[in-house]
Structure formats: C-alpha cells, structure tokens
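In the two assemblies presented below, chain A is common to both, partnered first by chain B and then by chain C.
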Partner chain A sequence: MELRKSYFADVRKDDLHEIGQPRPRSDSPGHVTGRTAYFADRNFPGMLHLKMVRSPHHHARIRSIDTSEAEKHPGVIKVLTAKDVPHNVYTILILIQVGPEDETVLADGKVRWKGEAVVAVLAETERAAQEAAAKVKVDYEVLPAVFDMEEALKPGAPIVNEYHGQNYYLYDSGACRKVRFGDVEAGFAQADHVLEQSYQSSPIEHAPTETTGCVVAPEGNDRFTCHTNTQAMFFTLDNTSIILQMPGSKLHFVGGTVGGGFGGKVDVIVEPIAILGAKLTGRPVCFIYSREEEMQISSPRAAEKVVIKDGVMKDGRIVARKVTGYTDAGAYSRHSPYGAQKGAGHYPGPYTVPNVWIDTYCVYTNRTPSSAMRGFGVTIGDFALEVQMDKLARLIGMDPLEFRFINAYRDGDMKAHRQPTEGAALIECMQEAARVANWPVAEKYMAMSSYKNGA
Partner chain B sequence: MAKVPVQFTLNGSEKAEFIDSGTTLLNALRDKIGDTSPKGGCHQGTCGACSVIIDGELRLSCLMLAETCNGATITTTSGLAVGGVLHPLQRAFLDTFATQCGFCTPGMIMAAKVLLDHTPNPSREDVVEALSGNICRCTGYEPIIRAVLAAARANPQNAA
Partner chain C sequence: MAIRRGRGVAAINYPTGMNLGGDPTQALVHSTPTGNFMVTLSSVDLGQGMKQIMAQICAETIGVPTDRVVVDTADTDTGPHCMGTFASRGTHRAGNAVIQAAREARQVMLEVAAEELEVNASDLETDGQGNILVKGAPQKSISIFDVALSAHFKRGRSISGRGMFLIPRSYPEKETGAMKPSTCYAHACTVAEVEVDDETGEVTVLTVKNVFEIGRALNPKMVEQQLVGGSWMGISHALYETTEPYYPNRDHGGTDFNQYLMPGPGDLAETEIIVLERPSADGPYGAKGPGEMCANPQMPAVANAVFDAVGVRIDTLPITPERILRALKAQAN
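And now, the complex of A and B:
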C-alpha cells in the first residue's frame, strides 16, 4: 500500500472518487432499449446471403470442383472459387512483416483442416444459398493428417502447410523462440530436487453470443461499406485491401459494436469474401456464421503443451527452470506465431530464477486454425507455471504462498530476458492477498518489500 | 415461394405484412417489420437472445413461424420504454451494470419481464430459473440477477 504511493507519488491523489463508484456505460442505454445497432441489424434491399462450402476432410487434395448444379439452383446469383479472389493467399500478420503468406481465402488445390472454406455461394435467400452449397461437387483425395504437435514435429510427418515447408513456424531465431540465461544444467546439478511435469490444454472456443459476420453494401461508385463485428478494424481493412487488391480508399469499414468477442473476432475471414461478392454482383451481401460455424470454424484459443523442469533447493529457492512450450496453430498461422513468442517472453513467470532455458514452438497441425483469445500465449503458461509452483512447494514441504514469497521477483533483479525488474509490487500484492484471504504466512514475509534493501 | 399474410400487434401498434411461408418470427420482426431488438444468436432455440413476449408468455422467436402469430399481441424490448421513460427493468440493468456487449440484453429483459409479470416479488432462485434459458457470455450473470432483483424491489407494490 505504501509502495504504490512512492511509485506514483507525483501522478496520483488518494482522494479517489471514481474507483468503487458505479458509472453508467455510454453504450448501455442503447443495449437496454434494443437500439444498439449490431452489424446484422443493417438490412439493405436486394441483399444476398453468402454460404460456404466447407471441407469435410482434415487434409485432402482437391482433384476437381464442379459448381454447375449449384449455379443452376433457383435464387443463386454467383458462385465463387479460388480463381475469383485477386490475392488468394494471405496471412494476417503480414502487415507487421510476420510472413510467409500461408492461408487461402478459398481453398486452392488442397484443404488443410476440416471446415476450411472451399466455395462461396451467393443467393437471394439464406435457404437458396444453403441448398445450392449442398449441390457443389468437390472431388477430394484424402491425405494423411496430423493432429498432435509432437507427432507433427517428428521427421516424416505429413507436411500440413507447404508455404512453411515444415510443421513449425520458422522464426529468425530458428525453429523456436529461445531464451538462455545462466546455466540451466548446472542449476539442475546443484538442486536438492528436480521436478519435470507436462501440462496440456485443449482448444477453447470463445462462443460469443453474436456470431462472426459482416454486411456489405456497394455505394455505387466502386466503393464498399462493410458493417462488421471485427475486433481488429484496421487489420481487417488493410488485409482486405491486399486480398482484393483494392486501395483502402475504396473500403469503408463500420464497426465498433461487437456482440462479444474475447479475441475471437480478430481474424480477417468474412469481410474480404463478402466484399468480393458485393463487387462481383453489385448487390449488398451478408455473411453471418451460423452457430455451428461459430463453434467449429472460428479460431479457438490454441491447444498448448508446456513442459516445465525445475531445480529447487530445500530452503525454497528455485535455482533452475527449463520450459518448452508448444502452441498448436492448427493449419495456418493467423496470430499464433505471435502467441508462441509471447510465451517465450512470459516464462519463467514473475519469479527470479538464476538459470533459465526457454524454447517455444508454433506448430502446424491439421486442426482448426487457432488465434487470439484473452491473454493468448500466456494464460495457459500461467496455469502450468502456477500448478508447478504448488507441486514444488508440496515437494519440499513448504507453504505454497511462502514459497512464492521466496522466489518472487523484486526490483533490481535481473530477468531472464536481461531486463532489470522495475515496479514489481508482487510481494505487496501477495501480502494483500494473504490478508484478504486470511492465509497466514510467517511474519518475515509480511515484512518483505519489493524494494530489496527495504526488507 | 408462396407469400402469406401475417397480422399482429407489436408493442401496441398493428402490423401487417406479406412474408415467405416458413419465415421465422425472428426474421419477420427483424427483416420485414424492422424491429431489430430481438437478436439471433443461434437460430436454434439455445441462446435466448431472440426472446419475445407473445400473449403474455415468453417465446423464442427463432423457433416460431411468423404465420402462426396471426392475431397475437407481441412485446419486444424496443417497446418497453414508454414516452422515453425506461421500464424499471431497463433502469435496473443500467444501474447495476448488467450489460457488457449487450447482445443478450433484450432477451434477458424479456425473460425477466415475464418473470416479474407473473411473480412480482421473486426469490433469487426464481430469477436464476427464469433466466436459465438465456446465455450471456460477458457479464457472468451475477449483475443480471442483481438487476432483476433490484427491479422487483423498485416496484412500489413490493414495498412492504
């Protein structure tokens, strides 16, 4: 409590009159009266509905696509395949130079996950689009698929994504992001106990109440207004501009109201193809995921595997920590190379460990591409780290909170990434938590401070 | 597709439309009548975002055919505020921070209104039960439960 005052002495007053006080949200009056306009509340005369034909296979070569029956279906206006997309192979993070482009807007020659978009059907009604989509004939040659990250990394595993050439993302640092600090093997040799555990998580779907989608209206002057629930407006605008090879000035994106996102609406998936449909037909187009698509097609949080090996002394000090993290990107990169890199930046957690060794891999498998979700890259890592901390405390017979006091990073400690710790306040936070939770810890820990010479 | 006539009372005013046979009430309200306050979160009866009140009963408009609603009296959340004055439930949702993205809110308010219409002084369990068909992914439900209880308390008839 005292610490925060010294850190922020010049910037904060303690006569807080906002925190702890209810404040009306500016958007709530619209929500409670049903007036808030979500993208799907826009309706334009003559609007077409877009439905996707999706891959029923995890991994397959496309021998041929026959859209003739679908095109004849009553109400169908246009059927789109890969050749209709000006720049069909893209990757979202190319905007910040994280390539290569590795994902198709509409599958071209191959599908790499079950549910991948292959053909887009635009029709007068949702029903006509759905019925016509069922009439598209795609001839597939099924290929062996790989679903497990460690299998995918083995030599001889089926190659998921040829744009990468191997089943991991190649960083400038090599097959993984790496952190090396001290001598981790010497640390293990010196430790009283060594504990290695692995932790795994499944993909998690955000399941927003409003499904992903957009409504596009041509403005009549070769400019297009796209009402979207994207969480990443400018990423979407710029990527759409690349995919459609259209200057950004032709694209007018309207967003800001999202019916739940949680990170699940940052990928650029629905807008480019809907705008292309509007451009090629001259009609407004709506493309809204069904609930099934939201659950099965939209990117989930990545499955992760985290292997932690720790060396610990009987007195509670962690002397070595080795972490290998695997992020399952699924078939395409989306935001996962960044997620895996965040993991490397996050381990070994908020603890001062003299010997650290970190490798994090972004792995490709034939699973649904994963992407952002609330703290992706670190949330699962924190779960693994903190469960490991509890196990270590039990191993040496120490109270789990006292064990964390001993290892907590404090101001001035050198972090594994070679940044000195500043403004940690972890000790004070744990002291407050101990008080609030009524979890007794020894007096010496309650007297500690994040300022090392203060304790 | 054959067009069929539908006619009902929506929030006090009479509506008549020709719609494609088989159109859900949700789509008829949103696309034909222009009342977008009921939301489509699943179109399969699992999320409650499309909830409306038909002749005093809570209904999922995504599971009703519009043509079966001829002659009905329908209430939606957009019709609750009278003369710009919020309904006590709307007021309570605002005051207790019971909305985040707001997508579930119109459906929640419908479910809560039917509860309070039938049970003006509900227990917490009554509220939980009444909202059990409505999914909210943002708020964690507690603020919504508090809002409904606050709206019930605000009812002068409950001042004991």
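And now, the complex of A and C:
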C-alpha cells in the first residue's frame, strides 16, 4: 500500500504520535497461535445441543406437528415449538420503529421458505439432537410458491407473508422509497441519446470462517449469560428481551471476538431460542450453525435487479437518470427494507445529474430471507451504475474515465436527495488511477479538483 | 479461439455509518492507579482490528503510547451501548465516542498534574511518551504514572471520561426523498485487467489497481489488510460467488466450500492499493469508513474489462464462464 500525500496536501496533517502509525495489532499473536478464545471455546458441564427441524418446502401450511417420537429419543431433554416462544412473531428493526413484526422464531401454522425453523430439539449430544430432529413428524399442505420478483409483484401472485399483505414492503412513501429531483422526462426529451439497461445479481453468502452461533449458560441468580458472535451486542440483547418477554436485566451478552461477520451476524436468530432452551431446561445450551446452515439458512446478500435509464448528451453530460431497484428480501424483512432504502439514498451514484427519478422496492419471495451484507443497498447498485457508465461512454464514443470526470460530483453540487456535496474526492481517485494504471486522459481532467469552484 | 485481454475502470463513493444516522455509540475511559488506560465499549471486533484502532485513538487523545491502553469490549454488563459493527460505522462512531471520553479523562489528568506541579492545567502538554510537561519549560514535568498515583491515593480524583457519538436520525421526505443518508463518504477508483479465454469462457484477473480515499489511514498496515481483503472479495463477487447459481431457481445451491465457488490463492490478482486522505470534518482524526466500499468497485471494473476483452456484456452477476460463452454464442449468431 502506498499513501499519496500530494493529494489534499493543504488539509491533511502528519503531526500525530499514534494515529497514522502502523502499530502491530495486539490481538494478532493470539489469533495466529490459537490462544484467542471464541464463543465456541466455552464449554459447560451438562451443555445441551440445539438442532432445528426445518421446512422441506418453499411454502406450505402446517397441518400438524407430532414430536412424540422425538421426545422419546435417547438423550433428548426438550422439544420446542411455536407455542413455547413467548413473543414468537418479531422483526429485528422494530427497535428503531421499522415494522411490522413479520417473522416467527419457530413456524406457526405456515412455512414461507425452504429451511425455515419449525421445531427446536435440545439433547445431550449433537448427534442425539440431529437424530431426534429427524423423528419429528410435520404434516404439510404444500402451497404455490413464488421465486421471481416480477412474478411476486403481479396481481394474483401467492402472498408470501401475510403480515405485509402484499409482496412488497410498504414505506410511508408507498410501495417504494422515492427520490424526485428536477424533471426526468424533460431530461430524456432533451438528451442526444437515451439508454435503458437492466442488471441482475444473485444471492451471495458471507462465508465467514466462524459460523453463526452462541453458547448460553444459566447463572445462579436467574440471569443468563450468552456467549455470542453477534455483530451487535445490545441490538441482539434487546430483541431477545422482546422475543422472550424477559427483562433485559436478566440477560448478559459476552462477545466481541468474531471470526468474520460481513453483515451475516447482524440478524437475531440463534440467541433467543438458545436462551429459551436454557431457561426451560435449566441447563447450558449451544446452538451453532453447521456450514450447510450458514450457506443456505442464514441470510445471504439479497439478489437485486436494477434498471437504469439515462439521458446523455454527445458532449458527455448525463442530463437525466432514472433508477428502479428491486431487492429480493426472501420471505421476511430482516434488514432488507433498510437496504432498499439505502439504495434510494445512494443513486445516482457519485455524479451530478440535474434530473433524477429513483424508486427502490423491497420485494418478498419464498426464499431464504436476505439481510445485511457488506455494502448492501449500494454494492450491486454500484455494479449496475458503473457498467452503465461504461456503456454510456462507448455509446457516445468517449473514453470511459474522461466521461466520468465530466459527470463527477464536486463540493457544493446538489445531490438528488437534496444534500449539498461535501468532502468529495472522486476526481482525485480517478486522477491517481489514471496515473497508476497508465490510462491516458486529457490534461484538463488531470487539472480538475473536487473543491468548490475547483478547475 | 484465443485468450483475449481487456481492462475496465469503475469509480464509486460510499457513505460512512448507518444509513440516515440515528445509530449511537458510547465509550468510557478510565485510568488504572499506575496510569494505564482502559477503554470500555460494547462494540464488536469482527476481526478487522477495531480494538487496536480504538486503543490508538485513545492513546493519541490522552497523549500516551498505545501500549498503555487496554480495550475491554463487548460485554453488556460493563460496556456502554454501541449500535453494532456494520455499515462501515465502527471506527467512525466508536472512534468519536472514544475521543470524547478520552478528552474528558485527559482534562482530569492535566488538572491533577497541574496541582502536583503548581501550575495552570492550560499550561501543560503531553509528550506522547508518558509524561506531562510545562509548555516552554519541559524540564518541569511529571510522569503520568505519578499523576495517576496522586489522583488515586492523594487527591481523590477519578481520571475518567464519558463519550457519546450520535448523528441525529434523518427521515426521508415522502414525495421528494429529501434526506441526509450520511455525513461523510469514502471514494474509490479501480482499474482491472483481465484475460478471457473465448473458448472456455474462463476469466483470469491479472491485475487490480485500487485507489481508495478514506479520510485518514489511522493505522496504515491495518487498513491495508482491510482494503486488500475487500478487493479480493470484490473479485470473488464478480466472478464466482452465489448461493443460487440459477437464481431465481432455488436449485443447485452450494452447502460447503467444495460446492460454493470462491477463488483460491492462485486465482487472486496482483493487487495494488493506493490511499488518498481527505480528512472528513466529523471523522475521528479525519477517518471515514472504508470497510464496505473497498469491495465494491472491482465488480463493475471486472465486468467492463470482460467487455473490453471479448465484446460481450454480462449484466448478471456472477460473471461465470457459462454466461460468457452463451453471450459469445449469441453474438456470433
């Protein structure tokens, strides 16, 4: 890595003692010698193992659940169903007033995605829990499922999630989060060229080294200590308190040493049910995802569809940009309404466009709920935006990097969401990229600046 | 049939912190009897090195070497609230909270030192090595070790501080979408160079040159590891990864690392990282959040390079050999 101090030399300083120094990480020796303790290193006498019975269907009604054979299985201590969970229907963002509650801890009457948790089995060994889980009999009536976002949005499509009532998240602005700036249709009318293109991504796994999980120990004082690899301690504690209808003062969460998160450990999934298990059995409980669960059960990055329509002039100016984004939330909200909304605040990208129209939708389908992942709401949007930029440049016969210089935002430029640009540095990044990649651009672009009234 | 070479560029920005704000983080700082400093948080270190960065921020603010700071974090019985480690917020939000707490603790420390030295606290400065000196008269000094002892056993003072950082939540206006998603943005521009085998559709990323503007590299070695890792993840997202290879079809999802495709060490491109610093107005020592954005520009840069190489657009991620071959076939017809 090289630090290029010639850029922004008038505002950056080198007068500090500790900041800016490449000090070795104090936790590295522990990590590389195996001495660092992760949550799964906790092992308590009498600890039970929790395994989930999961839905084999994408969408089905549960006619009945028979746990009698599983309960008789050697080593099984407790079998939990929806009726055991005090506040079974929840949603994580309720803490910041983003509802409705739309997801069950354990399925109640219905499953909405293949892999959904239906019954929790607690046993002396992992193997006994697994074997007993296989003995739980669930009678399903399979329902029509919908996997394609466009199909899901059509009238008459099977309703994925009754707590929403329609297959999209309802914002206060309606079916989508909107941004309206200038007059996009007038921009298209005035443009020399109009280009509309569609981009698509697929769900992506976080693939952390350490899978999601927790180890819970009941304490002598009626409290529960939960050793967890969550990315958000109090967020998880407070949601657990709601789900279990248990005062937060009864809960003690310990974590903070995590083998990779990437957004995959922001959901609140393993802790509430494990703590409930510990409460009902009076024994320590561990619930740790297998690699298969981590890959197919834990939330992935949402698949997204992004449609971009641009009006561009022969001289390189983008005069209108319309973006319609669709986030595939799967069966439940988790963090997807937030992600779709983040996209609305991000488009039209780091460019100054006078006429902008943005609609972002959060769509429900019968697949593994998606949620947070590194950059979600923006990452796939940037893929779409920047491929579109390349296409536009070639359409008007302009160098792709020079085309970006013409449109790059600078300090003081008004963004589509009506915030003036501050602290811009796109131009300087492109200048340095041109230098380091030996990508020739005209001298006038190399003389530009992100500063207000910069050349 | 041939191996064809191409290159592509992409430029991006990325907001620091939870979208629309409203995501608080608190910190507490106190000294031990011998002048070491504890930072107490409930923030989570995901492996990116947050504890080390918080130690350096606290050390800088108080004016001691980093090895005199210990970070105790992620215990809800002791640590004050943190919204969590996500949205490129850890360094920015917790860092600001630690600065505020450390400033308050530093002030008490200087007041105690002033009493010991019989001067005004405003006339004192730290040397960064563990001593407090009188400005302009450095021969008159006291060690922080002695100041802490005095505070604890003689003067009955608690060298401690409380810190809190919160960006008020912004609510989007319904019809126009007027809102404040973030207070600062990191930037990047990436140039990727690829080879595409037009017989097999296989893409080899030869080089990736990333320029990142991150406000301030608080620890250059640590941010380098994050930026390099992010760049690899971007390539992996571009070419390999998905849990549903035929999305929206639900079949063929990988369940382990044999089935879920990711690049191995041999698939990783020669990676160059260049960092620019435009300090952010509200960042801890100017820092922005680079954690997420560093994985974003590689995807479009690789896609644009593939087009440059073989003249087909793959607008669906991941850019698999199958998709390239189908596009080449469609182009030939």
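One rule holds in what follows: the second predicted complex is superposed on the first by the 432 of 455 C-alpha atoms of A that agree within 3 Å, B and C clash if a C-alpha of one lies under 4 Å from a C-alpha of the other, contacts with A are read in each partner's own complex, and residues count from 1 in each chain.
One rule holds for everything that comes next: contacts are C-beta pairs under 8 Å (C-beta built on N, C-alpha and C of every residue); 3 or more make two chains touch, one makes a residue touch a chain.
This is a predicted model, so every value here is computed, not measured.
Of the two partner chains placed by the overlay, only chain B lies in contact with A:G30; chain C stays clear of it. By the touch criterion defined above, A:G259 lies against chain B and chain C together after alignment on the C-alpha atoms of chain A.
Between chain B and chain C, C contacts the larger number of chain A residues. Of the two partner chains, neither chain B nor chain C is touched by A:L395. Of the two partner chains, chain B is the only one that A:Y38 touches; chain C does not reach it. In the superposition on chain A, A:I406 contacts neither chain B nor chain C. Contacts of A:H417 after superposition on the shared chain: chain C is touched, whereas chain B is not. Of the two partner chains, chain C is the only one touched by A:G375; chain B is not.
In the superposition on chain A, the residues of chain A contacting both chain B and chain C are 22, 24-25, 27, 31, 207, 258-262, 291.
Remark: chain A residues 1-5, 7-8, 11-13, 16-27, 31, 58, 96, 114, 147-149, 172-174, 177-181, 197-205, 207, 230-235, 237, 251-263, 265-266, 291-292, 295-296, 300, 303, 328, 338, 341-342, 344-346, 349-350, 358, 365, 367-368, 372, 374-375, 377-380, 382-387, 389-391, 400-401, 404, 408-409, 416-419, 422-426, 428-430, 432-433, 436-437, 439, 450 touch chain C in the complex. Of all residues in chain B, only 1, 20, 30-31, 34-44, 46-47, 49, 76-78, 80-81, 86, 89-90, 93-97, 99-106, 109, 135-138 touch chain A in the complex they form.
Put simply, chain C touches chain A in their complex at residues 7-15, 19-20, 22, 42-47, 49, 51-52, 55-57, 59-60, 63, 65-67, 73-77, 79, 81-86, 128, 169, 172, 174-182, 184-185, 187-191, 209, 211-213, 216-224, 227-228, 230, 233, 237, 241-245, 247-250, 253-257, 260, 262, 272-281, 285-286, 291-293, 295-297, 299-301, 303-304, 307, 313, 315-318.
On the side of chain A, the complex with chain B involves touching residues 22, 24-25, 27-38, 40-41, 43, 125, 206-211, 258-262, 290-291.
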